[in-house]
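Letters A, B, C, D, E and F mark the chains as written, and numbering starts fresh at 1 in each.
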Amino acid sequence: MVEPEILIINPNSNPAVTSGLDAAVAGFRAPGLPRLTCVQLDDGPFGIESQAHVDGAGPMLARFIAANPASAYVIACYSDPGLYIAREATPRPVFGIAACGMLDALARADRFGVIAIRDVSIKRHLRYMRQMGVIERCVGERALDMSVAETASGEGTLARMIAVGTALRDLDKAEAIVMGCAGMARHRAPLESALGIPVIDPTQSAVAMAIGAVIVGSGQIGAR
Amino acid sequence: MVEPEILIINPNSNPAVTSGLDAAVAGFRAPGLPRLTCVQLDDGPFGIESQAHVDGAGPMLARFIAANPASAYVIACYSDPGLYIAREATPRPVFGIAACGMLDALARADRFGVIAIRDVSIKRHLRYMRQMGVIERCVGERALDMSVAETASGEGTLARMIAVGTALRDLDKAEAIVMGCAGMARHRAPLESALGIPVIDPTQSAVAMAIGAVIVGSGQIGAR
Amino acid sequence: MVEPEILIINPNSNPAVTSGLDAAVAGFRAPGLPRLTCVQLDDGPFGIESQAHVDGAGPMLARFIAANPASAYVIACYSDPGLYIAREATPRPVFGIAACGMLDALARADRFGVIAIRDVSIKRHLRYMRQMGVIERCVGERALDMSVAETASGEGTLARMIAVGTALRDLDKAEAIVMGCAGMARHRAPLESALGIPVIDPTQSAVAMAIGAVIVGSGQIGAR
Amino acid sequence: MVEPEILIINPNSNPAVTSGLDAAVAGFRAPGLPRLTCVQLDDGPFGIESQAHVDGAGPMLARFIAANPASAYVIACYSDPGLYIAREATPRPVFGIAACGMLDALARADRFGVIAIRDVSIKRHLRYMRQMGVIERCVGERALDMSVAETASGEGTLARMIAVGTALRDLDKAEAIVMGCAGMARHRAPLESALGIPVIDPTQSAVAMAIGAVIVGSGQIGAR
Amino acid sequence: MVEPEILIINPNSNPAVTSGLDAAVAGFRAPGLPRLTCVQLDDGPFGIESQAHVDGAGPMLARFIAANPASAYVIACYSDPGLYIAREATPRPVFGIAACGMLDALARADRFGVIAIRDVSIKRHLRYMRQMGVIERCVGERALDMSVAETASGEGTLARMIAVGTALRDLDKAEAIVMGCAGMARHRAPLESALGIPVIDPTQSAVAMAIGAVIVGSGQIGAR
Amino acid sequence: MVEPEILIINPNSNPAVTSGLDAAVAGFRAPGLPRLTCVQLDDGPFGIESQAHVDGAGPMLARFIAANPASAYVIACYSDPGLYIAREATPRPVFGIAACGMLDALARADRFGVIAIRDVSIKRHLRYMRQMGVIERCVGERALDMSVAETASGEGTLARMIAVGTALRDLDKAEAIVMGCAGMARHRAPLESALGIPVIDPTQSAVAMAIGAVIVGSGQIGAR
């Protein structure tokens, strides 16, 4: 590999989400840093909404990663589909945005809350938080109850996020908010401004960590 | 503040440790990224080895942070002295390297082990891991049983780190290693090479996270 | 569906494993009980040994289940591949043998140990136990370090299982043993006889639970 | 012992509860399966409602078990009185319905809620769930606030159970319901039908597990 | 040291709090018991309300303890400032009232609730409960939202405590109440009388434990 | 009740144990303090060694307590038999020595280890620690493998306790030791002297807490 590059993989086939990722990570493009390339799985579903979408995406992601050498990978879907199969497919570091977003929140505040898109995802996320062993520091998740598509494009999204974030902050006592979706990045700054506590876009968290790993050379020498 | 800057604060007064930090973060200096400035607390102890050192450093750090505006701060000591008092002293993000190093390890692998300098620190670290709520994913800590000074300069340090890291990997089943000290960065690459699993320098983890927060503008608007 | 039937699905394509399942559940065939049918996924891998095998099996299982109506399903692989995607694919009860084996052990004794086939599976199992929230009652896992095929057919398997089970009982203080594989059933009785503590074959546990659900009619009325 | 038999022991002296148990397990009677015999402790209290009832029942149960050889035993009271003393009194498997009901729920769904008869029992149940190490997967318990007798015979019981179950499902996010009493079995099917999520009668769960143990021969050879 | 003496140290400089401590422990003064001496840190803040106050108090306490030999020490502030640094400063037992108050509650009842003075302290207390590993048995904390000074002297304090305690008992299901402040002792008896469940003054808990340690001679022989 | 009195109840019928309790609490007898009366259950077993002994003792204790009014009660057996039934039998405070000994250890040090008499008790103690929610701070238990009688009277007991305590301190990293039996008090001081870390006699812990409750009047006003 000539030039360090981080592949940020949107496991759905919605190009609007991919270009949203591209915008989300724009600030991380600078001379001397690894190149950031946002791609999508063209054979993925249009949105990752069900367990079938999540579980179907894993093997696709692993094949994509095996076929596309890079310095590090970011799986840009808040269910971290295929995180462990992907790590089997490459010795390079693989980051899941759900894990990274929550871990970043833990680096910023004592307890965090999550804004989910849909209520049906929350039980999957809770299961994942138990697996991660971080559930003691999560005050809970609350849903916007919008589709991924609506969230990415809708007008009323920010207002709804502020309402849900306020509930997490005031009722559940969250001290930081994780946006539980890959497609919410453009709302991060206004939401943080409205809530007055750190708001985390998980793709940005994962990209910062991935850049760190590439810069120091971790995982570049065949580690597991 | 004209130009974004991250202050990386060594709470001890040993300039060798500070220049070690400077070397550890050299790879993160690039056009377009926040300026990284490594400083030390000249009135701090020569090494942070006891609980008195840790607890004494907190108020000093808070005063230093209050007096030195920056975009974000990194507390570069593996006991995260003064993390919560510092967050009271500034609305900007404050990162502790112990927390960030462990969280970064969790983003890379399932369970991690920690290489401590001295056995006496381990009980303090365990207490902190319980407080962090991450202890389920720590396989344990093992000590080099060297002073901070020896570790920073000694000849046999790497060999000892490989022995301890091998025990964490093979006996305790660690899948990643966190170097539990601010002064071990130069051993990261050879140790990872020897062990074949990710090795985390916690200062580098914290700096990557801090850069991320500054780039996206988190905590720049008076949050908490 | 005219007659109640439970499908026991071997997600690999090894017919020896499938007929081993058939033998394992023979005692549960009786007039008045649901019919037990053991099947295999002919397009599955010959053995489920890697994360890729586990994650690849999930969508295959879900498709199979959606296409083959039954009163209840048992996923007969100790990684419970596709458990959650399968539950999306049918309103009927779906049982994973890993979950059921461990839960059955908890019904029999205070703390259990697991005999794994290979060391490499243990970290996956630990992750699952954390997700299940039962890890406090697991004393640990120890591996035979044999392939699934060797275990199913090998001569020395029982002797090795007794050695590993003895270590779990005497060193780790297990009060029950879960055999962490779908292909070990014929060793259950001699192993229990040798160890003197309950030994659980997880397929048998899942089948007992599935029979219970079908008999009482749970999940037969479109529940989730 | 000539013919396999499972003793299902009602530790109270209310024959209506015993015959309710008999009805609850009727579906599990089939040629080739162990005989199921429901008995009561004639010197037990009329209902197990206080801690004194629970603790008083334990030694009585143990004496009864020691005097009545069987292939396996089910303690049919949702406080699992005397579970550990009973295991000392016999080498045969002993199942407590509270443990089995909750474990069965864990085999069916991610998180469960419990319908208790009376509010005063909830703290005892919570203590037991902490002891069992499963409390992370319990969304909570809500009480009918009826006596055992009222519940077993009352007209309005089902309506009240649906109201409480709906609260557990919609407010507490339970994905399965455990009926926290030995005397509610006849409400299982209509309650599941009304709620649309699995509803568990704990006696049926324990009997299914006990049948499994007897069929495979576990605990028949002097194990612990 | 000629006569056994326990130093009860108020880390703030408010003499009203110190004399309140004196009154709180009056019942523990008896012939044959260690002398109880309540002191204040004259260079401490007037009230311990912020993290800066807590962290600033630690080193002051350690210096005071090192300079004032006694048989045991009680740190009389509900944030247990300097507990670990103090233990480094003396081989004699050092008790923190927050820890002791919660542990005493655990000796009296299954789950406890805490009455905090101000909402802003609750997150610090939660962090401490996680560190202590007792959070599973805390039903939560509710705040009076009064200053320490108001609480110590105010007229309406008891009425407000009864309201908050009632919420902890009835909504959160607390079976005991810990008063989360060093200055509430005179309200203990009327609050317990009003609530009908044990109410714990944490200074009294710590003093009882300290007396116990001194009487039996624990920590008088240079232990750690 | 004219004069405050604490009943310390030995649930076995061995008078040597009772007089050992009497000696253990002698230091707590002083003018102005509640009277301490050590009694035994004459119909109890000679030693509490099995689960049957533990469970059998509970109802006997409750009857004894109901018939013998006192200001507070201490159940002086390291399995805390009948703790919850006893609390139903009296509104006065009831303390179990196992709970109090462990809680006292938590007030003195970060993590504790327990010296058990017999290996067979350890699984019962672990279950109790899980129920108490304190297991994260227990490094483990190690057994003397002596009978209660041997321990109370034997010559080599102290030497064996020092060996076991040393293993807990050096191998398991205990920072305090709880003597897991009511009959070891006379070894406390020499064991602490040999180990150099706090050694806790649990009866003394419970008595100190009970004295505290009586002095402040907690539980004297009809509280549950």
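Definition applied: a residue touches a chain if its C-beta (ideal position, glycine included) is under 8 Å from a C-beta of that chain, and two chains touch if they have at least 3 such contacts.
If you're wondering where the values come from, they're calculated on a predicted model, not measured in any experiment.
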Checklist entry - If you take the chains that touch chain A and keep only those that also touch chain C, what is left? => result B, D
Item to check | chain E and chain B - chains in contact with each | outcome: A, F
Item to check | Distance in touch steps, counted as few as possible, from chain A out to chain F | outcome: 2
Checklist outcome for this item: With centres defined as the mean of Cα atoms, the chain at greatest distance from chain F is chain A
Checklist entry - Are the two sides of the chain A and chain E contact the same residues or different ones, given that same means over half of the numbers occur on both copies? => result different
Checklist outcome for this item: The larger set of C-beta contacts, choosing between E-F and A-D, lies at E-F
Next on the checklist: Please identify the chain with the largest separation between its CA centroid and the CA centroid of chain D.
Outcome noted: B
Checklist entry - Upon optimal superposition of chain B on chain C over Cα atoms, what rotation angle is obtained, reported to the nearest 5 degrees? => result 120
Next on the checklist: Based only on mean CA positions, could you tell me how far chain D sits from chain F in angstrom?
Outcome noted: 33
Checklist entry - Using the average of all C-alpha atoms in each chain as its centre, how far is it in Å between chain D and chain E? => result 43
Checklist entry - Taking each chain's centre as its mean C-alpha position, how far apart are chain A and chain B in Å? => result 25
Checklist outcome for this item: The positions of chain F in contact with two or more other chains are 127, 130, 132-133, 136, 175
Item to check | Chain-to-chain touches, reported pairwise for every pair that qualifies | outcome: A-B, A-C, A-D, A-E, B-C, B-E, B-F, C-D, C-F, D-E, D-F, E-F
Item to check | Of chain B, residues touching chain A in the complex | outcome: 27-33, 93, 95-96, 99-100, 103-104, 106-109, 132-134, 136-137, 175, 188-189, 192-193, 195-201, 204-209, 211-213, 215-219, 221-224
Checklist entry - Tell me, which parts of chain B touch chain E in their complex? => result 50-52, 54-56, 58-59, 62, 82, 84-85, 87-89, 124, 127-128, 130-133
Checklist entry - For chain A, which residues are in contact with chain D within the complex? => result 122-123, 126-127, 130, 135
Next on the checklist: Under the definition above, what is the set of chain A residues touching chain E in their complex?
Outcome noted: 110-111, 136, 173, 175
